[in-house]
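Across the two complexes that follow, chain A remains constant while its partner is chain B and subsequently chain C.
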Partner chain A sequence: MALPELKQSTTEARLAALSLPEGGCLDAARRAAVARVQTMGLPDRRDEYWKYTRPDTLTAVQGPTAAVFDSGEAPMFDTFDRIRIVFVDGVFDADASDDLSLEGVSIERLAEIQGKDIHWAKDIYGVLEARGQTPVQRPLAALNTAFATDGVVIHVTGTPSKPINLVYRHENESSDAILHHVIKVDSGAEATILENGPAASRFNKAMEIDIADNGTLHLVRAQGRDHERRAATHLFARLGRESVFKSFTLTVNGVLTRNEAVVEFLGDDAVAHVAGACVGDGDFHHDDTVFVTHDAVNCESRQVFKKVLRNGATGVFQGKILVKEGAQKTDGYQISQSLLLDDDSQFLAKPELEIYADDVACSHGSTSGAIDEDGLFYLRSRGVPESEATDLMTLAFLAEAVAEIESDEIAASINDRLYGWLARRR
Partner chain B sequence: MAALDQFEAKEGVDQETVDAVREVSTYKYGWETDIEMEYAPKGVNPDIVRLISEKNEEPEWMTEWRLQAFERWTGMVEPDWAMVEYPEINFQDQYYYARPKSMEEKPKSLDEVDPKLLATYEKLGIPLKEQMILAGVEGAEDAPSEGRKVAVDAVFDSVSVGTTFQDELKKAGVIFCSISEAIREHPELVKKYLGTVVPVSDNFYATLNSAVFSDGSFVYVPPGVRCPMELSTYFRINAENTGQFERTLIIADKGSYVSYLEGCTAPQRDTAQLHAAVVEIIVEEDAEVKYSTVQNWFPGDENGKGGIYNFVTKRADCRGDRAKVMWTQVETGSAVTWKYPSCILRGEESQGEFYSIAIANNYQQADTGTKMIHLGKNTKSRIVSKGISAGKAQNTYRGLVSMHPKAKNSRNYTQCDSLLIGDKCGAHTVPYIEVKNNSSRCEHEATTSKVDDDQLFYCRQRGMDEEEAVALVVNGFCKDVLQALPMEFAMEAQQLVAISLEGSVG
Partner chain C sequence: MLEIKNLHVKLEEEDKQILKGVNLTVEAGKVHAIMGPNGSGKSTLSYVLSGKDGYEVTEGSASLLGEELLELEPEERAALGVFLAFQYPVEIPGVGNMTFLRTAVNAQRKARGEEELSAADFLKHVREKAKELKIDAEMLKRPVNVGFSGGEKKRNEILQMAMLEPKMCILDETDSGLDVDAMKLVADGVNALRDEGRGFLVITHYQRLLDHIKPDVVHIMADGRIVKTGGPELALEVENNGYADIMSEVA
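And then the complex of A and B:
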């Protein structure tokens, strides 16, 4: 079917402004992705999947500029022993990055493997993204597959001794970055990946994660605080038997953030947790869109999203659990909650279930409201000043999402950040 | 009944069970009344619209209203977002108007109505004689007679056959008649309210309905009047290849109260039939309307052949402060259901409630839910929806709760549960929640589960067979909704729940 005229012209203009890297093992995947973008067209306001978030600045030929923000605080995860891989406005910075060799894992850059004719990443690159295009289209992810300039290609073969930290710096007010990461976790292997920083004025990121039987991957990301930045991220995870995938995202600030997570269970007895905490202020717009597909027996999925909103901030949650025929004994859980600290903020949610198997337990809850007056009164009656009581209540509200992080050390660092952020805004 | 014969052959199933299944799997209202009908030519076009208007002896403004709706409809596209699939409908290959020949001259009283028609309703358990107690209502004998009276407007294909208790209602100031009569007799009320809750261009089916609606009910309850009896409309589709497009308009003026019941059935046929209704309810200050439906259109046979496509737009507008509306629906029929009874909570402290049980068996598909639009301060809404899927059926709850910035201190509670019986069916939930102020609270809960093994075991241990046990557990599951039904429907609803689910286990 032909695309509507406006969609067609927006898509064509965007494609024309980008140059397609040619040759090598990823060539076919990139070309197929271009074709997908052409067929689907880039998203616009009329698309039901973008009902609550305006995609126009994400699809425009040139994104709006974004001032570089100095928060005055040390970079996230700075005190951890880790391997740093630094991208500045989407460009790899070798000097700022650590040596990439570590036992139990091989780390390469996408730009390096690009020229090779044969590479394992070929079986994942664009493959998971393409699978994630049905039943809902995600054209920005296909655009990413086609035009990503760099990224990391990580193969976890054992249990590396320290986490791998992808650091994204933003230094140029009009930068426009497209990064694509591929992560493969072997059977029985386990790794932790940390991501932090604002990356660019406009950032399109995709991450494809393939976890083999019994593999484990932890992903913790703190999206940068630059106020005017825009980001559209996609995460595609495919889980094997008895594998574990746990992801947590902290978002404070950003004028527009759309985080999509697409998780698919292919092996039995696997576990996936996708969690997020966000604190929004002012013209902040934050959208979490999650799609979990159960296509195996006895798998557990959890979606836990908490949003604190004030001064006209908007929080969006679109979550879906799809249980396919035969995916018996599925345990699906989904909760999305918002705390509206003032009358101008809004929370828009669409927590969906689609179930074709009878022996399953799926629940979804969604609540929205102001801070609990009774709790506030209790704290104040104990001598806690109102502003501090509000912070305590806010932290307690976010705690359920932060608790999804398995490492206590990482969870503590996230809590510190949140508390500091709230304290300054008093 | 090929499918049931196969069932018979299955080992380990005793004859009694097979007989019981045969009994309950048979749609009881699938018979047809053999009566001479008069049709408008097939298809829809401005001439047909004019013809329907003419048959109803409508004034010029009404004809114009219809023609404008038709004009708009020709430029509209059929919606495809619901989780239902059906073959493309050829809107030109069906009749838009069918009435029994004997209704050509409008009967002046029920005594003049064709006995065949009266017998039809008698057979459906809806006696069209005044002072008759509705069949099957428990405890009805003991109740004071005026407490049990139900006024009925009976709609047969495209026309209203008759309305009971009109005189007694008139004494109380209540107008209860067919919409065609209201257009003739009370044009000022119809003009003032028609199309103000569901605008002509609201959606594809509502617009089609606006152009070709043939009959339906009209209710006006004047200020301060508590309607002395329950009002009820019974819709019967009888003619083949005929769509039914009824239009209902209920106005509850300041401080009034009315409880309205709606029932519907259709004969069993191989080809699907279209039913696209519009119901508009206006609730003024301090008024209350209770609207209950037991929807039992022919659901198609066990192979998914035939059945009614039920595309309905129902909406209530709480215009005044403290207005209250309550939708209760038991959906067991129709091959395809597309229905979202909604509440616009405009007045301060107005309230909307929605209780629904949707049961889908065999190849039925139901996409139903509600919209609660909170516009006024301190408005409250409650949604309780229970979906049950069996066989190869698909059941979807689709709803919207919207708290506008000005709807301070509003409250919503939503609970939607789904029950699956068998592993070939589906249950889906698609709620939209939009909260735009922080003094309002919004809660949504949903679960999907199969019939609990422990509960089943407990029942069977007490000597119940499996089917009885499932019926009992399911009745418990549905209790929240069934309790909200008026007395007249309570027993019927309980039976319906048991009937639709028996035979599905195992």
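And then the complex of A and C:
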């Protein structure tokens, strides 16, 4: 079927402005992805899942510039013992990065495996993304698969002693970065991946995660504090039997963020938690679009998303739990809540449940409201000044999402950032 | 210590007068009890004194140690020494009890121009007080009042009181929802705080709390006024005969 004219021309213009890396083991995946983009067309406001978020700056040939923001504080996770892999405006920086060798994991650059004819990543690259295109289309992810210039390919074979930290620096105010990561977690293996930084003025990132039986992956990211940056990110996770995937995203500032997460249970007794906390002030639009598919027995999924919005900031949540026929004993939980600190801010939520099995427990809730007055009074009656009491109540509101982070140390560093954001607004 | 003069209060939302001229003086070192039927305005009095929104003072005044209270923010009143033990302590998911206590103690010290307590000093102090109230370490770690039983919530109120060392303690139906043992524990906590420099206002429906916290003065409140004042024997009279006799007597 032919695309509508405007969609067609937007898509063609964007494709024409990008150059396709050729040859090597990813060549077929990239070409197939181009074809997917051509068939689907890039998103516009008429698309069902783009009603609340304007995609035009994400699909334009050239995105708006974004000033580089110097927060004056140390980068997130700076005090942690970890392996740093640094990208500056989407370009790998070997000098700033650590030695990538670590027991229990192999880390390669996407640009390196590009030239190889055979590589395990070929079985994942673009494969999970392509699976994630039904029933909801995600053309920006296909665009990413086709044109990603770099990324990392991580194979977790054991239990590495420290986290792997992808650091995304933003130095050029008109940078446009497309990164694609592939993570494979072997049976019984366990790793933590940290991501932080704004990455670029416009950032398109995809991460495909394949977790084998009994594998565990923790993913914690902080999307950087640059006010004008834009990001469209996709997470595709496929879970084997008794595997565990826990993801948490912190978003502080950023004029536009669209974070999509697509999780699929293929093996029984697995667990996936996808959580996020965002705080936005003024020109801030943050969209979490999540799709969890239960296609196995006795799996647990949790979606926990909390948004604090002020001065006209906008939050969007589109979350779905799909329980396929036969996926009995599914335990699905979804909560999306916003704390609106004034009347100008808004939260748009579309929770969806679609269930084809009869022995499941699924719940979802979505709320939007102001700070709890009774709690506020209780704190103030004990002598806590109003501003501090408000901050405490705000952190308390976000706590359920932050609690999804398994490591207390990481959770504490996330809370520090949130507290800092609040304190700057007192 | 606490001086309430001709206090008239109505609900902000609706044109309903709740307090209709309350006069009450609580001296330092004394325990005053207020009893009265439901809807007489006892809880409203405690909220107005601690600064809760939603009430409008239409006439009268209230002061603590000569400082006018009613114009102050709740936190300013707290720093002056007002403490309300809530009838229904509020659950605050996500705020650790310990964090809450330390924030409150240090905020008050700061407001009074005193030095903040070090983490070590605070911890030592809170452990001591908690032990007396049979509050275990686990309870201190949990979010404020979340998952606490009725008795635990009330003990947590008394712990806060012990940590904050207020001048004027107002206890709003602290006995409600408590079994005999829990009430004894709470009363012991309160009695330990009885001091020459501290006043208490104990609001209750029942005499039994007053068996444990012996009042110096008992007031009967009805329809927004204090209608009778007497010694501890007045509480026994209520216990035996109900409010009806007193009401007909003052009517």
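The definition used in the following text is that the second predicted complex is superposed on the first by the 426 of 426 C-alpha atoms of A that agree within 3 Å, B and C clash if a C-alpha of one lies under 4 Å from a C-alpha of the other, contacts with A are read in each partner's own complex, and residues count from 1 in each chain.
Everything below uses one rule, namely that contacts are C-beta pairs under 8 Å (C-beta built on N, C-alpha and C of every residue); 3 or more make two chains touch, one makes a residue touch a chain.
Since this is a predicted model, take the numbers as computed values, not measurements.
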Exercise for the section: Pick one for A:P4: touches chain B only (first), chain C only (second), both, or neither. Expected result: neither
Problem - Greater chain A contact set [chain C / chain B] - result: B
Practice task
Scan A:P135 for contacts with chain B and chain C and give back first, second, both or neither.
Solution key: neither
Practice task
Scan A:S366 for contacts with chain B and chain C and give back first, second, both or neither.
Solution key: first
Practice task
Check the residue A:V384 against both partner chains and state whether it touches chain B (first), chain C (second), both, or neither.
Solution key: second
Problem - Contacts of A:G115 with chain B and chain C, given as first, second, both or neither - result: neither
Practice task
Classify the contacts of A:E325 with the two partner chains as first (chain B alone), second (chain C alone), both, or neither.
Solution key: first
Completion exercise
The intersection of the chain A residues contacting chain B with those contacting chain C is none
Practice task
Using the touch rule from the top, collect the residues of chain B that touch chain A in their complex.
Solution key: 81, 405, 408, 418, 420-450
Exercise for the section: Please give the residue numbers of chain C that touch chain A in the complex, ascending. Expected result: 50-53, 73-75, 77-79, 83-84, 86, 89-95, 99-100, 103-105, 107-108, 111, 143-144, 160, 164
Practice task
Going by the contact rule at the top, pick out the chain A residues touching chain C in the complex.
Solution key: 372-375, 377-386, 388-389, 392-393, 395-400
Exercise for the section: Can you check the complex and tell me which residues of chain A touch chain B? Expected result: 48, 325-326, 328, 338, 340-370
